[in-house]
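Each of the next two complexes has subunit A plus one other chain: subunit B in the first, subunit C in the second.
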Partner chain A sequence: MSAPMVKVEQVAKRFGEAAAVADVSFSLERGRFLTILGPSGSGKTTLLRMIAGFIDPSAGEIFLKGQPVSAMPVHKRSIGMVFQRLALFPHLTAWENVAYPLKMRRFDPREIPDRVARFFRIVKLDGLEKRRIHELSGGQQQRVAIARALVFEPDLVLLDEPLAALDRKLREEMQVEFRRIQLDLGVTTINVTHDQREALVMSDEIMVMDHGRMLQLAPPAEVYRAPANAFVAGFLGLTNLLRARVLQADGSGLRLQAGDREWHQPMSRQLTVQPGTWVDCALRAERVRIVAADAGPGTGEKARGEVHDVLFEGDRVVYEVRAPALGDAVVRVIDRAPERHRLLERGRAVCLDWDDTDLLVFAV
Partner chain B sequence: MSRYPITWRLLDLVEAVAALLWPRALHRYTGWLLLLPAIALVGLLVAGLAYMGDSSLRLLDTETFEQSEDYTLANYRDLIEKPTYFTVLMRSTGAATLVTVLTLVLAFPYAYSMVRTRSAWRRKLLLVSLFLPFFIGQVVRAYGWLVVLGKTGIVNTLLAHLGLGPFKMIYTYPSLVFGLVQYMLPFAVLLIAPAITAIDEELEAASESLGATGWRTLRHVILPLAKPGLVASAVVVFTLTITDYAMPVVLGGGTNDFIANAVYDAFFRISDNGLGSALALTLVVFASTLVAVMLGLMGAGTLGMRPSGRGR
Partner chain C sequence: MKLLSPRAVFAAIVGFNLVALALPTLVILGASFTEGNMIVFPPEGFSLRWYEKVLGSESLQEAFGRSLWVSLICTAAGVPAGALAALGMARFRLRFSGVLQIYLLLPFTIPLIASGIGLMLFFGEIGVLGELWPVGIACAVINLPFMIWAVLASVNGLDPDLENAAANCGAPPVQTFLTVTLPAVMPGVITGGLILFVLAFNEFLVSLLLTDAHTVTLPVSIYNSIRSIITPDLAAVSVVYIVVAGLAIVLLDRIVGLEVFLRSK
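What follows is the complex of A and B.
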């Protein structure tokens, strides 16, 4: 059993009084793709820059292949990085940019042309080697930056939100493309992003961060289906968050109250809360069913409300429903098959329904 | 509601006056109008040069102290035949080269740390110490060095207390070079600093993460990208030095004259306008040629001008 490619042990970073990263530990096996997901200011970039070596941790240790690296300068670490603003060298050609790390790492000069050519093919840029950086499109520059970070076959590749500046279509293409290259080469990768879709699409594992803390580390499906807390639930997907009061707690579940509504919430997992305290309820927008109130009986009903806003997005419709019974909360509902029935217009009285198991309860 | 800003009102007034003085019909000639002062200035300079050219071709009559009527190349022959002038020219060129190299070597790290420091205080301190000498003026500064480095100056007095010296530190070639470098440093730093500011710091981080040590990053990334600033400051320092007058007078002590000193002597000591003009024109041609060669080697594009024929 060899050591994991990356191991981060109780790493923290303080800038003066403020803790940018607090006590983060995780390890990543060879060939895995980890995405650190969090809002801006969550400490994700600081964590990435500590792994790269640009920032020294205030506490803890980082291991690469089992070796502690805090005393190792950046240029000695076998880490390729794709920077947020790409940081391609404007005075060099695309070819020279990609060959740069090979020259700096003293590869055999006879080997360099073949290797550079191979990576130009991998990122599908062959033929553009002689171009200057400013003669390439945004997407092409992106590919040069990726080739440059991969060409010396580092142990680890770090992506510092390099795709954020691209337009949506190109960004989604590059996500798929990079994942393909990453799997082909089997290179261990850590990606930083605030784009939840990117995290879900690309990763083997997602680490959600907020305020410098690691909130959850799990495969994408698990982070989505079983979020560790209300923040994670709210950060991924379109989620309704509702504060409720605990009236009664026993082995079978909780008796909860929100606004005028009181209900019994069966619990699939253990949650120790005292009666009288508050809990956060998270409900995915796509798990809510919506029907017009005058459509007649046929479905159950958890709450009534009035359509407050309708966002037609083509393949889906998002309704914002004001529910007086839930303390005047606005419940967002996703209808994924809008072509099968008429759109509900603004002001329409509707019934909302969901399965008890789709309502996730977290201690506050 | 906010009020219409007073500065806008003033600008409107200025525009109204401008419209009266320069009616709309003339607008397509605005570019020429703006060029006019520059053309006038350069024209004056050209006229002066032509006058000097004429003067340089006339010989001084030592009896009457008047210039000859007919043209002769005698003054230029003098320049070539008398070894003193060649020595002076070579001394100026050599000193200018040496001062340029030393100044750039010292100015680059100064500019770099001034631009890259994270501490606002350190940046202010570096900026203030850079500008302070500007307020003193070249001649006063040169005399200042006499006070510090002279035979009974501060340094020799201190050394005497230690039982050393006195050392001859002024009226020597090294002291002249020292004074010139000290004088040129702020110019060079101010020209290099913007070039370094223009380099994205992330490029240095990228270079490091790609395996380059600090030195190799300097060599392969920072210096090539700072080239416009380096070339600009090299040209400025070189031309200011090769044409300098005050430093050789004060710190050179009469034994380390530059061309400008020889020009001065010709005009005002021996009143030979012809010889002075010939010397001055030689300096103009010589220095311009060197600068042209310098820019040719480095490429004018390095001065941040648009490279020709590579439009996108």
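What follows is the complex of A and C.
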């Protein structure tokens, strides 16, 4: 049984009074791709920089291949990193940038040219070796930075939101491409991002952070389908969050009230809440069905409302529906097949419906 | 009445500025080629006789050599001191960093005559007054702010993650400094070094106070001659100055590129 590639044990970082990272523990097996997902200020970059060695943890220990690294300086760790602003060496050519870690890590000089050439092919930059950094486009610089981080085949690669600065199309291409390279090389990777799509697309596992705490660590589909709490539910996907009061709780479920509406909510999992307390209800926008109120009978109805806004996005339409019965909440609804339905115009009275199992209830 | 177009006004202002900036140079350049015995503009005729005289003058040649030596000492002392000071201030969150910065820029605010007298007393006390190298040191001290500014401009433009990236690539701290930090701030160091060199080469007031009859530098030597009789050979010497400054600019452009210098924030 070999040790996991990375193990983080109760790591915390305080800056003065404020805790940037609080008591985070996880481990990552060889070859896995983990994305740390969170809003800015969630502590995700601080955590990444502690693993790289730029910041010392206030408490806890980080292990690489089972070895504690707290006493190991940055340059002794076998970690490659792609920086947010890339941090390529401006006075060196693309080739020299990629060869730099090999020289510093004392690779056999006879081996360096072949190895650099191989990584230029991997990132599809062959032919541009002689260029200076400022002579390359943003996307090309990205590739140089990736090659520099991978060329010495480190135990671990860290990505500090390097794709954030690219325009959307290029960013999505790079996500797919980096994932392909990562799988080909089998390199263990930790990525930091606030982009939920990037996290879902690239990762084997997603760790959601907020306020320095780890909220959930699970494969993408699980984080999406079974969020651990209301924050995770709200951060991934388009989610309606509704505060409701618990009127009654028993073995079969909860009796909840929001606005004027009272309903029985069957519970698939155990949630211990006392009557009189509040809960958060999360409902994915794509799980809500919407029909015009005058469309006639045939569908169920959980709430009535009025279309407040229509956002036509081509492959989908997002409706914002004001529902007076739910305490005047705005419910967002995604219609994924707008070409098959007539668009509902602003001001239209509509009925909303959803399956009970799609409403997720979290203690506040 | 028809108003002048903004374009014409703009062109006139630019033209006036260009002439005003270049005028002293053009006058002195013209005067140096005169055939007569008086320093006049426009020159009377054309000859290189005053250049011949300057180049033949042993005392001027010696003064030129001494100025060169002073400049070299000033550059050699000022470049490492200023570069390290600037790097230190930018890289480490020093306590009293603001105070330190003002302190290091202080030489700039003190009248040259005051620092000159202070340095004269100091060098006199330690018994080196009258030697040449203290002049170079003095020039380095009073011009250090230029060096610090030039390097600070370079350092502040650097991505702070550059050194982290070097460490992450496996470079120990000394290697990081030598292979990444230093080359990245090199444009600032070269710029500052050339400024130091030219300023020391031109330095008059402090040299006047620190030199004696055997160690006069070129500006002091010129000043001494003006006091007797103004002849066109002074114009020729001045042209030598202009050439040296011009060479420094060409050098700057060749090594770091003027756009780097002009762009430095």
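Worth pointing out:
Keep this in mind: the second predicted complex is superposed on the first by the 364 of 364 C-alpha atoms of A that agree within 3 Å, B and C clash if a C-alpha of one lies under 4 Å from a C-alpha of the other, contacts with A are read in each partner's own complex, and residues count from 1 in each chain.
Here is the rule we go by: contacts are C-beta pairs under 8 Å (C-beta built on N, C-alpha and C of every residue); 3 or more make two chains touch, one makes a residue touch a chain.
The structure presented is a predicted model; accordingly, all values stated were derived computationally and were not measured.
Three-chain overlay on subunit A, with subunit B and subunit C in a clash. Within the superposed three-chain model, A:His91 lies in touch with subunit B and with subunit C [touch as defined at top]. Of the two partner chains placed by the overlay, subunit B and subunit C both lie in contact with A:Tyr100. Of the two partner chains, subunit B and subunit C are each touched by A:Arg148. Applying the stated touch rule to the two superposed structures, the overlap between the subunit B and subunit C interfaces on subunit A comprises residues 52-54, 73-75, 79-81, 83-85, 87-91, 100-101, 104-105, 148, 152. Taken together, the subunit A residues at the contact with subunit C in this complex read 52-54, 73-75, 79-81, 83-85, 87-91, 100-101, 104-105, 148, 152.
By the touch criterion given at the top, residues 159, 161-162, 164-173, 175-176, 179-180, 183-184, 186 of subunit C touch subunit A in their complex.
Contact residues of subunit A toward subunit B in the complex are 52-54, 73-75, 77, 79-81, 83-85, 87-91, 100-101, 104-105, 134-135, 148, 152. Residues 200, 202-203, 205-213, 216, 220-221, 224-225, 312 of subunit B are the ones that touch subunit A when the two sit in their complex.
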